[in-house]
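Letters A, B, C and D mark the chains in the order given here, with residues in each chain numbered from 1 onward.
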Amino acid sequence: MSQHSGYTVSIHYDHRLFRHDIAGSTAHARMLAKTGIISQEDAAKIVDGLEKIGQEIEGGDFPWDPALEDLHMNIESRLHHLIGPAAGRLHTGRSRNDQIALDMRLYTKDVAEQTIQGLRRVQRSLASLAQRYSQVLMPGYTHLQRAQPVLFAHHMLAYFQMFQRDITRFDDCVKRADTLPLGSGALAGVPYPTDRDFLAKELGFSQISANSMDAVSDRDFVVDYLSAASLTMMHFSRLAEELVLWSSREFGFIRLEDAFTTGSSIMPQKRNPDFAELARGRTGRVYGHLMAMLTVLKGLPLTYNRDLQEDKEALFDTVDTLLPTLEVFQGMLAGLELDRERVESLAGESYMLATDLADYLVNKGVPFREAHGIVKDLCGFCESNGKGLDGLLLADYHRFSQEFGQDVFQITARSSAAARDNPGGTAPQQVSQELDKVRRILKEAGYGI
Amino acid sequence: MSQHSGYTVSIHYDHRLFRHDIAGSTAHARMLAKTGIISQEDAAKIVDGLEKIGQEIEGGDFPWDPALEDLHMNIESRLHHLIGPAAGRLHTGRSRNDQIALDMRLYTKDVAEQTIQGLRRVQRSLASLAQRYSQVLMPGYTHLQRAQPVLFAHHMLAYFQMFQRDITRFDDCVKRADTLPLGSGALAGVPYPTDRDFLAKELGFSQISANSMDAVSDRDFVVDYLSAASLTMMHFSRLAEELVLWSSREFGFIRLEDAFTTGSSIMPQKRNPDFAELARGRTGRVYGHLMAMLTVLKGLPLTYNRDLQEDKEALFDTVDTLLPTLEVFQGMLAGLELDRERVESLAGESYMLATDLADYLVNKGVPFREAHGIVKDLCGFCESNGKGLDGLLLADYHRFSQEFGQDVFQITARSSAAARDNPGGTAPQQVSQELDKVRRILKEAGYGI
Amino acid sequence: MSQHSGYTVSIHYDHRLFRHDIAGSTAHARMLAKTGIISQEDAAKIVDGLEKIGQEIEGGDFPWDPALEDLHMNIESRLHHLIGPAAGRLHTGRSRNDQIALDMRLYTKDVAEQTIQGLRRVQRSLASLAQRYSQVLMPGYTHLQRAQPVLFAHHMLAYFQMFQRDITRFDDCVKRADTLPLGSGALAGVPYPTDRDFLAKELGFSQISANSMDAVSDRDFVVDYLSAASLTMMHFSRLAEELVLWSSREFGFIRLEDAFTTGSSIMPQKRNPDFAELARGRTGRVYGHLMAMLTVLKGLPLTYNRDLQEDKEALFDTVDTLLPTLEVFQGMLAGLELDRERVESLAGESYMLATDLADYLVNKGVPFREAHGIVKDLCGFCESNGKGLDGLLLADYHRFSQEFGQDVFQITARSSAAARDNPGGTAPQQVSQELDKVRRILKEAGYGI
Amino acid sequence: MSQHSGYTVSIHYDHRLFRHDIAGSTAHARMLAKTGIISQEDAAKIVDGLEKIGQEIEGGDFPWDPALEDLHMNIESRLHHLIGPAAGRLHTGRSRNDQIALDMRLYTKDVAEQTIQGLRRVQRSLASLAQRYSQVLMPGYTHLQRAQPVLFAHHMLAYFQMFQRDITRFDDCVKRADTLPLGSGALAGVPYPTDRDFLAKELGFSQISANSMDAVSDRDFVVDYLSAASLTMMHFSRLAEELVLWSSREFGFIRLEDAFTTGSSIMPQKRNPDFAELARGRTGRVYGHLMAMLTVLKGLPLTYNRDLQEDKEALFDTVDTLLPTLEVFQGMLAGLELDRERVESLAGESYMLATDLADYLVNKGVPFREAHGIVKDLCGFCESNGKGLDGLLLADYHRFSQEFGQDVFQITARSSAAARDNPGGTAPQQVSQELDKVRRILKEAGYGI
């Protein structure tokens, strides 16, 4: 190796594709034999040799050699060592360019599936949490200002929806990666009577690529994964932000388990939500990889350019960030304890019921904007008299509108929530139905609770 | 307006949502009447008023008032002016938060559809171009080095595939935006017996949102559009790069129409590919908007926060960048002239046929790696004797292998391309079949050529 | 104009460079006369014409023509109209490429200076605020957990330091933009005996560019501004986050003035911190422009390419985002009211003084780690007995260490802060000295308080 | 360690800070002794222990323990093992928060200095290259169209200027990192009479931080490095693009050494410019890290939050990308061979001298725009008669203007370049002077050629 050769070496990270590379080569050897391009004997030797190599790698016995730069050369060289000249026939009708495209697609499909499974487990934790505290009211926020009472379960199920969308994105990601590039050669196709449909079937692809030049240049599926991962991490950053807020003394809504907090060396009570903070921070990392990959691809002429080698670490590190984040949230949410009393006590606090008062008037026939005006005046009266809405007498109400009756006192946080009794609303029966749906979704996906 | 109020004003850009806002309000008014929440008379007045407002805006007669900050307030105020107190009832059972979410979803669905149509037109230009020069060979490149002969049509159809994937992404984008948020209120749902399914039907949504808190906080669909647009612009940046390269004197492959080049004030022959360069540059702009929106959403607690107002300009400017780029490429590709002689003359130049020689030997039974070794030596021989492969005699060939026969001289750029006769390969009959498929796809989409 | 010409038009945004363009042309005309390249008469006509054009534009009387695409062509065409053939001589010894580079540099220098002034005003507001509440204690946070008491003034001056660093970055930005590109021609220099030093002096540049090819390709100074702006917006996003937190009922630390909050239409008490939220959101926008510009420049060969036109809107929108943000914070901070009682009451709450207890023991000779162990046990004792440190008796202390004396009760939030009496620490006298320094810095910069 | 603890572990990357951490702890121990906070004996033990630990790590004998999560805990634990209870005194008057801020600043200063040295070496290669081919003309490009002849040396020195600016950015980076944070404690300062000026002197800082809360929250200096690195990589991406273009058969301008190209397994002549491509691709990686870090910091409240742990890998990987890229370019440029004949032959080709013709007329007194018109007609004449400007007779010239004389034939590529004889222009004597300056700059920096 020359002085600078480290610059092009990739074996320290591309080795992780070994299972996919071996699977691809095995299928290729079988296809070459099936079509008579190589002999059955040679194919059998190759397949055996590859199997042995797989075992060596799994077992930690493989003689990795950085001088051989990448995974392909390491395996190829080892295969030669193990089975001799027959190894030379494996590369018939294929090139590095379609081989690496194949490996990356197989890998991407795998990790996208794993990501979906991880998201399902997080969803299950959310659903359990929603169920455990299904009747607990809490303040709902806009602008980080208390706005209207909502069920804690409703709040949790909002995140369920986000992850549900994320799952559809990773599903799409699988679909888009699900095209066999093998058979594209270096760029123009291969001059052998290969059977690409056989290859696709062997390797579990639902279709073959339609254009060889596109097939060896295309890394859209990597960007698709990174985009989906960016949105998912964004959702976790929002949830993490809330967990951090709720863990503060000022909010005091929740208690995270010890396993998900870091204490002070001195204050055992200190419960820093480090895991949530790290997840929030790692959002940046995934966004960064997305931007990196988009930048790499910008302005590249067809077909293969070495710039494309940069696809790997961006993807691998994203996977290594996202999958553990899913595990952390699954566990962190499962063990989260809600301070029911605290959140319930704030749920109907003071002006949060003002809009309910306006709706009360609307229901008595007052036009919407007029009702708003009345309640606005009422709130102003409270403010200047230093009292909350909950401190008013009927006489006070009547100073602003004769439409107010004794039933105005039945407006509470609970009645407010209960009134939002439309699909998607926070009324207990709506949330309960939603929870049923959610359970069904999870059960169908094999994650029943 | 206070001194700083300009900071929150959005009317200078959100006005473009007026059609969607009016459609949403009209449907809402109808629903309120249908469910008896407001009277048929009021609803009729509202619907008429909104229709008139729509006409005023279309006609340029609407009295926009920046002091009213945003589109909603402008329309609401005008409606009051036109129909009086009934206007006050329109806001029953809805809030700014679900209203703007609705407008953005309607808008996103619309522009995603337009984007698909624009992409189809670009695909049609590509297909026409492929057809026009269907038999022309050119050098195919890896690392910007000539590698193997390919059909120009094959090269063009590689881009067809990229845009085909882009279309599926915008299709998904439509699907993800296709959820009605109206009825979510400020965050918790609404305390009225609204009929959300009716609204969905009126407004062309296939489903209603399942969680009100998510519905008012969610801007994933905007990110989805920006992600899809980033990939699409990336594809155009690759094509633009190639057009710039091919327009250079050094390549000299193509001539762009005058309408898509900018001349020098002095040299009428100067044909700067400014449109391609601008498209390439504008890739950055769209990436930037994606990054911007991901940053906006990072770490936001539920539910609505004013940060979300930043969704609009990022999306609007992306649309204003992408749609015209589609138009430009449709036209630019349609009028592109290929210098057939030039590209054909380079298609089989010198060492580009080396891999074909190796494949020739493999077909004669030489193992792949050995065949490669022989051709490597042969190329070395050429290099040191200052000749190309095309200058060798049979005797020269025999110095390296007796397997070479007279038929070695039948290896040409055209035979090389023809040999790559597998699905996805560059063999003329493969490309021709692919072109048929492509025509079918376009025809089915209503863009027959 | 052809059907697609809108794609290349820039007049709708580059018109804002008119003052810089006119200044540049005026200086160029003077130089051409001084060096005898054109006659004094021609130069005089040109300068007069340009002055008139400047007045027309300022007065709103200039006949802008989009068909002329950009600012340069609009001014050039108008100049011809006003002064006839002499106008044709202005373009001697200069090209579009060095002309636009000049305009952008003049503009960047200007806005960087304005940015510094805006930052100074924000710093002044921070210093005033620190002074107004100079003795008020509040909880200092790590991980959004209360950690140690700090002075509110100390907290405000942390932001002063951030903006101080930002100012040095914009200073550097001015320095890097401070190189005259004029005289570089299209790319290779100009074949006239121009006097570039004269031009530099006229236009206020401290040096001339050393390489014409670099000078017309270089947009580093734009990236420099965008990088500095990104960091500045990041700082504001942190401050904005704190203002949002502190405005929440849960924290309840501050009250923002009406001008910087948006109320509910119904609850006059509702004080949504919309300005802070928007500033936080607009951080994304500026990051996006930075990413956009970096992407534009990636992989561009020398020299001028039309991609560079994309430098303008990225820069302009960043300026239009940052300068108003500075104004908003200047005003918002100036009018911020701190709830002294609330923050003081939380400043020494419970375990926040634990580290002070450990330091107390260290000062009595106990090794640091041992002291920590003792206090850890003490805190554990409190936790399991449901009391705070403030509820302990001396006897309780003695169960853990005999080193505790009566003076342990002198440990309070105030004593804790006072003890951090080293440069940079939160002790009142340190903060007071720091405030003096800060005032001196502001005074020297012409922003005395 | 719990099941999820891997999520917070950093020892696999933060170990690389060990030299800086040990230097910081050593200085801290000395300061504690000097101020009497701990005894001289304890300090001596600590310093010895730390020295031994440093040797262990350098020698590969250190017992790293992932269960101890990070570098600090590993060293602290080992110190206890080596020297017993005295180790417990090292943490007096300091916290993790100011300790890690210190380590990062020491590291950043170091790598910024190394980056500058690497850039100097690249500049030296550029200067050598410029000198080697100092008189060679080549086509200068705009829009990738040949525009005007330039000296190859002039082109190379354009990059010298870019890297010169980069160096000033890394210089600024050093300056901004050059502030001692130690003494800031967890966030509020420390309750010991520490001597921060002594620490600063020991550790080579020119100043101490002014505000403890800022000091532990600030990672601006990391962003500064990443911004500077992004611009530098952008410059390399431009140079890489040109090397890729120039290595193509179509341009055929240069030959890169074998060590910087990757051949085909079959074609020894194949010289793929993989190193240049990888450098171009890795630009994305560095942009990504910049975006990642900006995202991490967005919206973080004061002071330390665990999100900040994400600063390390972003910085480390940027350093690991940039420094090797500098080495690669130093070597790649040094060995680059220019095809003089090829580039010279294209330097004056056809219409490239059109602007010189116009300037010729201007020098004869024709107004600039009129001269342009004449040459435009002349070029049109050539185009329609299928000849180049070099094929015209004087009679042909006279059809367009009588101002043309015999001396028009003295306009050549060389005369064109020579005419651009102003500072920054491509005239040989200007370039020669510039080369002298450049040599002086390098010599003063210790990199004489």
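Criterion: a residue touches a chain if its C-beta (ideal position, glycine included) is under 8 Å from a C-beta of that chain, and two chains touch if they have at least 3 such contacts.
Computed from a prediction, not measured in an experiment: that's the story for all the values here.
Think of it this way: of C-D, A-D or B-D, only one pair shares over half of the A-B contact pairs by residue number, and it is C-D.
The interface with the greater number of C-beta contacts, when C-D is set against B-C, is C-D.
Separating the CA-averaged centres of chain B and chain C is a span of 35 Å. For the pair chain C and chain D, the distance between C-alpha centroids works out to 24 Å.
Counting only residues that touch two or more partner chains, chain B has 142-144, 245, 272, 274, 277, 280, 283-284, 287, 290-291, 294-295, 298-299, 305-306, 355. If you check the complex, the residues on chain D that touch chain B are 142-146, 244-245, 247-251, 264-274, 277, 291, 294-295, 298-299, 346, 349, 351, 354-355, 358, 372, 375-376, 379-380, 383.
Put simply, chain B touches chain A in their complex at residues 85-92, 97, 140-144, 147-150, 154-155, 157-162, 165, 168, 172, 176, 183-194, 196, 208-218, 220, 223-224, 227, 230-231, 234, 237-238, 240-242, 245, 280, 283-284, 287, 290-291, 294-295, 297-306, 355-356, 359, 362, 367-370, 416-417, 419-427, 430, 434, 437. Only residues 2-8, 259-260, 262, 272, 274-275, 277-278, 280-285, 287-296, 305-310, 313-314, 324-325, 327-328, 331 of chain D touch chain A when the two sit together in their complex.
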